[in-house]
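Below: the structure, in structure tokens.
Labels A, B, C and D are assigned to the chains in the order they are written; within every chain, residues are numbered from 1.
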């Protein structure tokens, strides 16, 4: 079973929390709040997304490239991962 | 008028779009979709948040540190900006 | 006096240390060392450069945009800083 | 043969170029040059290191996790890669 299924509830909680952070930014913009506070909120939200990326990537590497995977799948996953990291780390 | 007020509608559109991206990640997790597709979605969302940060920061620097601002405000804003960047660039 | 002059010796020490880290990467490549060790060294060097950037940027914001600066200089520095961050945070 | 050996000359050229960029930053600090120019140089150097990291990581994933690797090695390499990315993406 994939790690995004095994860890589904925990990951969903994190995604919902980040959605909530964006809801707060939306409200802050609408209520014309202090710009610096909005920047702080965006900065925290970016931190939360990066941390989510790191978590899902960690599971992905451990689950989808390991020894229990077929050679065909591994080849495809390695290609995909290399491509994704090229974009992400640019 | 602050740039987050002048550019309010455009910024709100971006924030709502990012909230939509998180909604898609949520749905993908719930429907137990392919893990790699979820990673791609998280990666794109992080890109969108960074781009929003860059946009709001650009306006912030131009509007809140400039010559039209009182010395007292500028001093506070410089202190705040330096602190924010220290965290953001860590 | 600019912060890169006041803090000159400390900054030079950091830059020389990073140059030394690159010298180690060079040697590791030449001696065909384990690839993972090379990745770790590159990762640490990138951390050191980001930390240097953060340090110099902090001084820059505090020294070159503050109340003691002429309006003309501030306008130019704000324009420059906004541009630099756009590239750096991309 | 490892990718850091196969691509040795190209990688060495890049590492030497980055060392040269740091040499320029050193000289600029010593000659007390304009602080903004120093920031631009640090920013460019960080870009070059990130690009080197991305290149070596790409080769690493393709060469050290693939189907030609023993199960024992793969297990170790997956563990190492996951750890490295956790630190790098923090």
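Basically, contacts are C-beta pairs under 8 Å (C-beta built on N, C-alpha and C of every residue); 3 or more make two chains touch, one makes a residue touch a chain.
Source: prediction; values computed, not measured.
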{"item": "Neighbouring chains shared between chain A and chain C, ordered by label", "value": "B, D"}
{"item": "Where chain A and chain B are represented by their mean Cα positions, the distance between them in whole Å", "value": "16"}
{"item": "Rounded Å distance between chain B and chain D, as computed from the means of their C-alpha atoms", "value": "28"}
{"item": "Approximate Å spacing (C-alpha centroids) for the pair chain B, chain C", "value": "23"}
{"item": "Set of chain C residues in contact with two or more other chains", "value": "50, 53, 57, 81, 88"}
{"item": "Chain contact graph, described as a line, ring, star, complete graph or other shape", "value": "ring"}
{"item": "Chain-to-chain touches, reported pairwise for every pair that qualifies", "value": "A-B, A-D, B-C, C-D"}
{"item": "Residue numbers on chain B that touch chain C, as the complex places them", "value": "50, 53-54, 57-58, 61-62, 65-67, 71, 74-75, 78-79, 81-82, 85-86, 89-90"}
{"item": "In the complex, chain B residues that touch chain A", "value": "2-5, 8, 11-12, 15-16, 18-19, 22-23, 25-26, 29-30, 32, 35-36, 38-40, 42-43, 45-46, 49-50, 52-53, 56-57, 59-60, 63-64, 77, 80-81, 84, 87-88"}
